[in-house]
Amino acid sequence: MDPDRIDAPEQAEREAGDRPAPSRSPAAPRAAAAPGRQPPTTKRQVELRGLSAYYGDHLAVKNIGLYFSAADVTAIIGPSGCGKSTMVRCVNRMHEETPGARAEGEVLLDGVDLYGPDVDVVAVRRAVGMVFQKPNPFPTMSIFDNVASGLRFTGAERGETDDRVRKALVEAGLWEEVKDRLGKPGLGLSGGQQQRLCIARALAVDPEVLLMDEPCSALDPVATLRIEELIGELKERVTIVIVTHNMQQAARVADTTAFMLSGELVEVAPTDKVFTNPDDERTEQYVTGKFG
Amino acid sequence: MEAGTQQTTGGGRSLDRSPLSRLPDRLVRVGLTAISAAILVLLGYFFIKLTIEAKPVFEKFGVLNFVFDNNWDVSKGIYGALPLVVGTLITSALALVMGVPIAVSVALFLTELCPRRLRGSLTILVDLLAAVPSVVYGLWAFFFLIPKLKPAEQWFADTFHFIPFVATENVAGPNYFIAGLILAIMILPIVSAISREVLSTVPPDQKEAALALGSTRWEMIRTAMLPYARRGIVGGSMLGLGRAIGETIAVTIVIGDNPILGHSVFDQGYTLAAVIANEFNEAASDPLHRAALIGAGLVLFVLTLLVNSIARLMVLRSERQGARPMTAAAAEGL
Amino acid sequence: MEVGALQPRGPLPPVSGRRRRADRFARSLLWLATGVAIVPLVLVIYYILSKGLGALSVEFFTTDPTGDFFGAQGGVKSAILGTIEIVGAAALVAVPLGVGVALYLTEYGGDGRLARAVRFFVDVMTGVPSIVFGLFIYLTLVLAGVGGSSFAGWKGSAALALLMLPVVTRSAEVVLQLVPGSLREAALALGAPRWKVIVRVILPSAASGIVTGSLLAIARAAGETAPLLFTATIVKATTFNLNEPMNSLPAQIFQDLKQPNDELVQRAWGGAITLVAMILIVTLIAKLIQRRSRVQGAP
């Protein structure tokens, strides 16, 4: 086993290949993270431990314990304002960019606490990528430059940049559509294409994890479907966490679903269980449309 | 329903209003339109009047010669304005080179780095630079800056003598450099205010996109903010340029008022605005001299019109992206 | 690994020392630039205070300059009063006209060709140097002896009004545009004629913004020297007759400082303090009104 990994006692048991235990309430601050399906390796695995997030004095995310497994797509669902975006933004430390906002607790990527004292936030964001709700390619840059923008921070060489841009565009399923117009402005693409451009841009820097904050909410159904297919293709390469208010989408793309309510993690389980036979009554009410 | 009644009931709500009650509206409309159109007429008249009064000197020397001849000799009645034009351009260029980087840096600082508690007071302080009248700036520069900076200027001229336009035997007290420096201080508030406005309207999702890719703060500024704001900042700088070109009193005090083309930025010089202010008293009795000064005024007018038109066009284009720097600057009375 | 670089930790990539140094360097430069920008303000204020405080006295404010080189030089009363008169008269003309043009642009002109032309040229007019306006007034009013005088206070006001007009127009237009369309529509839907809507609804709602813009224009005009040299020139006696040559603070300062007499020079610095103080007060009042109205949510 990887010595850097911090073991929770329950982990060891489950390594034996049992079915994952059902979700547990996240009351205890150092509770063992609620499980998703356990991965064969520990790479690209994110664990949230006692994560709380504040806007000033207002507590928006309350003491979350959660795993995001590699080769898994985890969906975070919940009504508006339940804190799902905030929680996800804590994983790549974007939450602290908001004035007055702060986070407490631990976010472990392969055992390394991203909030550790000697961790540079720049490195964190390189390893944990993000795609936003509204596509946001850089308007003054061409398609190529957009994808290469992250690479340019670390000064890769010209040839290497070309390769990586191509690879990222292929992975994002955009290459065929733009390969003849890499020099054209990024803004000239359709909404769905722009979002795939943003995905390519995020993939180009080789992240371990990809956070997607309602990536399809500004897109039409065709574009949405395209991106959902993409997620299926990408999950072997990056650990994907997708925030969505669309339960059907969660059902379509996610292996594991976590339900949040008022800043708390109510339940996390394999997706079919959450939608057909959830443990918590609140989950059942939400997924059957009784509120939210 | 009051459809079709001829009577006006409380407040004129019938569909037929009496022509008398429509009168104030029409008067107001016509009046305001007339005033606005009058502005255009006024500007046109301006231009024509200046041209007419300047004609004597254009007739004598020809327009091109007047602007491009390097010989302004009042005693001999020869008026070639090149040293003035060049002096105007040099001092303004110096003002831009020294003032714009500082102004944009201050704008960046106030938008991105400044702790929130300090932001209000520092912003006011920078804007207060505009509250000092030009005559005070000029005199302060003359009595304080010039003596203080002369040794440093001499040292610079000696050490960096290989840079073109720097070397000079004797650094003059009042010179192009000091004029450029004081102009830089004077245009700082306007360039900074416009830059601030443009930078503050960079959409947050652009900044987040850069940060989420793993950029340092400076890299984010370089990637997401400056390219977006570039056009607006250039427009703001050109407005500053326009101000620098036209500034009279401060420049005339510190430039030496010598109508020659200096070889170095540390030499004395002259500008179009300064010559008008200085010589118009003498010129009262000499029609040709007066025409020459008016010709200088015309050149100045055309120059500022050009620069300002370009500036407004550039900033207007950037306004379409969403920023509204000109409107914000206008609201500040800049 | 280079100096200052962050070591890779598990899945986290290294962050090069060069990038961190560049970031730190850039940030320090920005701090530095701000300091550099504020230094001149501090220096100027300190300088005029140190040189001119000595001149301030009751006499300074209450007597006119005598114009004598030796003996009692007097104060700058005529200059202060002159500035107030000239700028005041200019404002009386420029503010209503400026607001009028702004009203035309927002309420009546819309996007028509005349409106677009006016807007563009008003914009461009804000860039015309004050000395060009002074020159123009000199040619049209002073030389022609309009009003039966050559140099006169009101002609100085005319030059300053030309300077202030585009500034007032632009700032008023901005503020008027911010008045919500729904407010206008509601008032018009009640059947009120347009001019009444303007007077009763739109102007009051935009009032603080218009006042701010006008005050800032006044502050700017008060500091102008060049146009006044051509039009109102500089005299000694206080006069309330705008049709006579009139003194003004900038002109008085300018003239005094050229004299090789220490007391006159000191008087000039005293005048500078007075002028800067007047402008500062007007500017700060304007900014306060602006800030207050922003907090209250008005335009």
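Note that the chains are named A, B and C in the order they appear, and that numbering of residues resets to 1 at the start of each chain.
Methods note: contacts are C-beta pairs under 8 Å (C-beta built on N, C-alpha and C of every residue); 3 or more make two chains touch, one makes a residue touch a chain.
Nothing here was measured: the structure is a model prediction, and the numbers come from that model.
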| item | value |
| --- | --- |
| Central chain of the complex, centres being mean CA coordinates | B |
| By number of C-beta contact pairs, the top two chains | B-C |
| Chain located farthest away, centre of chain A as origin (C-alpha) | C |
| Rounded Å distance between chain A and chain C, as computed from the means of their C-alpha atoms | 53 |
| Computed distance of Cα centres, chain C from chain B, in Å | 14 |
| For chain C, residues that touch 2 or more chains besides their own | 19-20 |
| Chain A: positions in contact with at least two other chains | 122-124, 126-127, 153 |
| Touching two or more other chains - residue numbers and ranges from chain B | 216, 219 |
| Residues of chain A that touch chain B when the two form their complex | 92, 94, 97, 99, 122-127, 129-130, 132, 134, 136-141, 149-150, 152-153, 198, 201-202, 205 |
| Contact set on chain C toward chain B in their complex | 19-20, 22-23, 26-27, 29-31, 33-34, 36-38, 40-41, 43-44, 47-48, 51, 97, 100-101, 103-105, 107-109, 114-115, 117-118, 120-132, 135-136, 138-140, 165, 167, 170-171, 173-175, 177, 190-195, 198, 209, 212-213, 215-217, 219-220, 222-226, 229-230, 250, 253-254, 257, 268, 272, 275-276, 279-280, 283, 286-287, 290 |
| In the complex, chain B residues that touch chain C | 11-13, 21-22, 24-25, 28-29, 31-33, 35-37, 39-40, 43, 46, 49-50, 53, 101-103, 105-106, 108-110, 112-114, 122, 124-137, 139-140, 143-144, 185, 188, 192, 216-219, 221, 239, 242-243, 245-249, 273, 276-277, 280, 293-294, 297, 300-301, 304-305, 307-309, 311-312, 326-328, 330-334 |
| Footprint of chain A on chain B - complex, ascending | 116, 203, 205-206, 208-216, 219, 223-224, 227-228, 230, 321 |
| Chain A partner contacts - residues on chain C that touch it in the complex | 6, 8-16, 19-20 |
